[in-house]
Amino acid sequence: MTLHPSHTAPGVEIKTSPRDTMRALYKHHAGLGLALDPNRRRPEPGPRDVLIRVTKAGICGTDRHIWQWDDWAAGRIPVGIVTGHEFVGVIEEVGSAVTKYQPGLRVSGEGHVCSHTDYNARTGNAHIATDTQIIGVDRDGCFADLVVIPEENVWPVHPSIPDKVAAVFDPLGNAVHTVMAADVSAKTVLISGVGIIGLMAVTVARAAGASRIFATDINPPRLELARRLGAVEGYDARDESWIDDIRSQTRGEGVDVVLEMSGAPGAFGQSFHALRNGGVAALLGLPAKPVTFDFNSNIIFKGCTVLGINGRKIWETWYQMEALLLSGRLELDEIITHEYPIEDFEQAFATMISGDGIKVLLNVNT
Amino acid sequence: MTLHPSHTAPGVEIKTSPRDTMRALYKHHAGLGLALDPNRRRPEPGPRDVLIRVTKAGICGTDRHIWQWDDWAAGRIPVGIVTGHEFVGVIEEVGSAVTKYQPGLRVSGEGHVCSHTDYNARTGNAHIATDTQIIGVDRDGCFADLVVIPEENVWPVHPSIPDKVAAVFDPLGNAVHTVMAADVSAKTVLISGVGIIGLMAVTVARAAGASRIFATDINPPRLELARRLGAVEGYDARDESWIDDIRSQTRGEGVDVVLEMSGAPGAFGQSFHALRNGGVAALLGLPAKPVTFDFNSNIIFKGCTVLGINGRKIWETWYQMEALLLSGRLELDEIITHEYPIEDFEQAFATMISGDGIKVLLNVNT
Amino acid sequence: MTLHPSHTAPGVEIKTSPRDTMRALYKHHAGLGLALDPNRRRPEPGPRDVLIRVTKAGICGTDRHIWQWDDWAAGRIPVGIVTGHEFVGVIEEVGSAVTKYQPGLRVSGEGHVCSHTDYNARTGNAHIATDTQIIGVDRDGCFADLVVIPEENVWPVHPSIPDKVAAVFDPLGNAVHTVMAADVSAKTVLISGVGIIGLMAVTVARAAGASRIFATDINPPRLELARRLGAVEGYDARDESWIDDIRSQTRGEGVDVVLEMSGAPGAFGQSFHALRNGGVAALLGLPAKPVTFDFNSNIIFKGCTVLGINGRKIWETWYQMEALLLSGRLELDEIITHEYPIEDFEQAFATMISGDGIKVLLNVNT
Amino acid sequence: MTLHPSHTAPGVEIKTSPRDTMRALYKHHAGLGLALDPNRRRPEPGPRDVLIRVTKAGICGTDRHIWQWDDWAAGRIPVGIVTGHEFVGVIEEVGSAVTKYQPGLRVSGEGHVCSHTDYNARTGNAHIATDTQIIGVDRDGCFADLVVIPEENVWPVHPSIPDKVAAVFDPLGNAVHTVMAADVSAKTVLISGVGIIGLMAVTVARAAGASRIFATDINPPRLELARRLGAVEGYDARDESWIDDIRSQTRGEGVDVVLEMSGAPGAFGQSFHALRNGGVAALLGLPAKPVTFDFNSNIIFKGCTVLGINGRKIWETWYQMEALLLSGRLELDEIITHEYPIEDFEQAFATMISGDGIKVLLNVNT
């Protein structure tokens, strides 16, 4: 285990074997973009950690924020960090106290790392632990040849699930967690916002037994895709007559479940208006700032239940996701649209940011 | 709404006007079979009752017990009763204090009638009220031109659901109640016994989001049909190796959910053996007598949850059933196999009892 | 069934026989106050209604709004209505189609009246039916000798519960519904706002098994009373250091449950700040207008569950309330502070509005 | 933290230094009793283990089976094992990869050890993991100066909870898990069998908000104690009229919840008979052999829910237990009846087996 290769002057290739360095896409400055370091120091796993060789990685909306260096990114992301948190790979090395896994195992991993000392972490809800660090956000991530995560964050990938799908377990898990928390079986469901996770939620909700799915957005092609994935209606949210239309299809009462995935402040009021009394609203989308909200008519008089959704349950959501994938009913082909070699990361980000691509993957070791 | 022409033979109008009598299939003696009375006295609705002209009615396994006059029937059924409890029809007349419905409405109805005075009836669980009377079992039923039920037992039928399906809301509701109570969304499910309700449970569980469904029975054609309806495996229960096979497909742990619909004492132990620790078993099938059961290994050490399932929730199950039907995902065509005019009731019962038919309907006023 | 003798002064029988009129406190004009009509026309029960002679009635915060004729009251209350919705009485007469109850029965009643035709009303959640009318708000209420409610709104009072307590089943039911919805057993609970219902919630939460109760308000005597009823701490909400104090007593994480009963917009943010990740907030208090609210930090990142609470479950809450009363652990003596004859209604309202009284009763026929 | 003086007899320091040996109560042969080894080899913690110096330990019914060497013990217990699984102590040493705890911390621990690789262990239900080993049963236990458990099995003890109580977290956790799984808040509860855990369940159920508690047993002094701990009735189960008496106190319907803690086959049928339709039965007591059971009348027609209860949830039950203890409402003084130095283990076991004592403790390092 030797020093980081970038420490060494040109001409030392012989000394810096692949054992010592790796390629890594990292935040090189407090501004736009990312840079690829061909000789990033290879990370060392601690006694309870696992070192994973990354096969494929997915670009998340969070990575776009980091790329664009918006206020949130500037306030949270340490310059120099390796980014990326969605991945599939193969275990390369395990720490000395690791007991469950061996090198050679194909795995994905949960990117939320915590000390497992608080109430939630110790009772099956580590996804809302108070001391969570996220890989690619708070510590080095997976846009690299190698990534280190604790053993307890490793998820072995079922042999029948392809790498392309396993690379997006993280956002697919967001969709699954939202859908399963809201309990959609035999219920009508409104999905407000069909970005990447909203589209995933359409196919997940259908596979999980939603009786009829309605989608809203302001992007017609995405609404069209939502219909192909199983939504019975895809409404342009700018024309508010959709609320009446939904009511006319739901006994005049409204939908049983709202999955709020847009984060658009205006959508909050609309979605609650379309929800029946006693319905459930699961909130995943993050409004950019506080929302002025009528609690009386939207929640209290209605007797609604509102669920805050964060991350994915560890590991209940992952088991549910695997079960849904093995059912053969999830349709992800039109959602995972592009794959690029990691060296073409600029094109990959451009495709994702432009909206030409939906879920865009980086091929790292394939 | 006019009377069925076969009611009135020429020249008999004065003595037995359509207002006074009707056809009815009733238990004419304490023995085998039923008889058709062409001139049964027409029932009168009380102030809070509704009189319904029956369009179609379904023959239930309970009706078979009544036909065969087994011990259960001899102990429970009053001779002289009009049988039948599964139906669809049209409201003909409403009592003086009825406020919700009008004549002409197409309806089905909940056959479990109670006084709505006990805890369960007053808290949304009238299906397990202590003073329940069942139409066609404890009071006159629907194998007749007309049937009376309380207003509060009426279910208006959605216009897009055909009579053929609405006629079997009662057993379909059993299946829906069992499936929804067990919460199958994104879970593996074993359906033990694929008689009429077990087969319905296969298509219901699939529509409600079960990830993979396994079925057991000792009737190969029914197992084959279960596969066509969505079961990934249909096992002959006489070869117990199916338990190992299921375990090999469920991480070695067993299924998440068992739906016990056979009532076969031997199946109880087997099904619990195939259930994972912490799983849910919903019991609908009625064993003919007490079962010798290992609570320790089957329930206590496993940390399982066992649900007793009786009837259908009033009206939660009915709403769920409507939602599942409107989803377009329930496949009932191969389950509702035969229809006969009520006059051919002997052939209808023979078809059902022989197993040639699965769900057999009587056409009453069509 | 004869009228109460004090009703009829000598010599007035001819003009206003007991059969024809009654005393009633009603909204006599679109302005401040109420008036007592000694000769209000006696109401007639419909076929499915029950006529109840009121023994005692409670004055609610809603009645104060009606008295003060604020914007809400001016927009909702029809001038001329008999007010009041909390009561206990005795059945005087039943409609022709009533089957469950007889004259002479001591009863209270659910003031939320609906047609029982929508999803919630038909599935055990009539408290959030869409067509609810409230007695004393939308139709004549109980500040009168007699009140009419539908048979299905009648609650027979357990013999061991005194009239004084049965008269406040309505607000006590609000407290019980809130507490039970939030599931406080073995949990730490923050009650935000200890007005009438907040104080009831303290004793209810304690009886229902809350491990430790914290209360906030800006009224020191009420906080002192909250402590006597079982709160371990009563914080003046104007000093925000209470949040840190609560955290120091809850592993640094915050309380398991918040019961928001103040309706104060500022309290919303504070209470959610004091709630642990994954906690439950039940909202009963009605803010006077929309609240600017940080959904991200308060709900989404925390993974919280928010419950809108309206009325009381019919009848689940009533059964729970009876169970808690029969446990002997509810302490209501310091909450029900005053009783006045209905003729002294002006003093009764003054006592309630000044805050000298907490729950103030009107004695109607005692 | 100094060593227990009895460890070191004069002159033996060289051969058996405190670092090398300890006192331990172990199963010395395949027969009656246990033996105390004064020089048992001190256990070594692995990299992820914690070595705990035991302060106090509790004698469980399981230990009695091991002492008496009944069929169960002969089939499960390896001769030579150190017994005991209920304890409180102080961390003496931690393994090299331990991150959460330090020597000197006062702790108890969960005795169910598993690899955390199966579905339940990874989703918050490690108490029903399939590969569980129990300390004192499958691996060395806590009737010794020192015990080793994995770091992830350690529970830090709240400073305000005395050692005497912390020593019985294991059985108290059984009681808490049963009560909390059945959700007793504002409900009537029948506790069938008031042995050690049944008595604990009485005080736990009362603190957790049960409205009224009924107890049955065949031991009058225990029933008397159950009454002192909060049961409104303590019935001798041999006189079956208790079922009618309970019904008369529960609207004629039966109790909301049954906690089956006797394991007596006859009690199963009786308890279900006393349960209302739609009620919940939590089963903890282990019948010695299969029970002949009427599923139809006891579970299916009633629409009941049956919960198998095993161990304690890790760590949800422990948090609930701490919350209930901090509420000040658990009364354990009459349940923890005796304490003996570990050297007097024969007297301790005799006191426990005779029934003179209820929960009997061994003082190891106090």
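In this document, chain identifiers A, B, C and D correspond to the written order of the chains, with residue numbering beginning at 1 in each.
Definition applied: contacts are C-beta pairs under 8 Å (C-beta built on N, C-alpha and C of every residue); 3 or more make two chains touch, one makes a residue touch a chain.
Predicted, not measured: the structure shown is a model, and the values here were computed from it.
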item: Minimum number of chain-to-chain contact steps, chain B to chain C; value: 1
item: Winner on C-beta contact pairs when B-D is weighed against C-D; value: B-D
item: Inter-centroid spacing, chain D versus chain C (mean Cα positions, whole Å); value: 43
item: Of all residues in chain C, the ones touching two or more other chains; value: 119, 125
item: Of chain D, residues touching chain B in the complex; value: 118-120, 125, 127-130, 251, 253, 268, 276-278, 283-284, 286-287, 290-296, 299-310
item: Residues on chain D engaged by chain C in the complex (per definition of touch); value: 176, 180, 183-188, 207-212, 320, 323-324, 326-327
item: Footprint of chain C on chain B - complex, ascending; value: 47-48, 95-97, 99-100, 115-117, 119, 122-125, 152, 313-316, 319
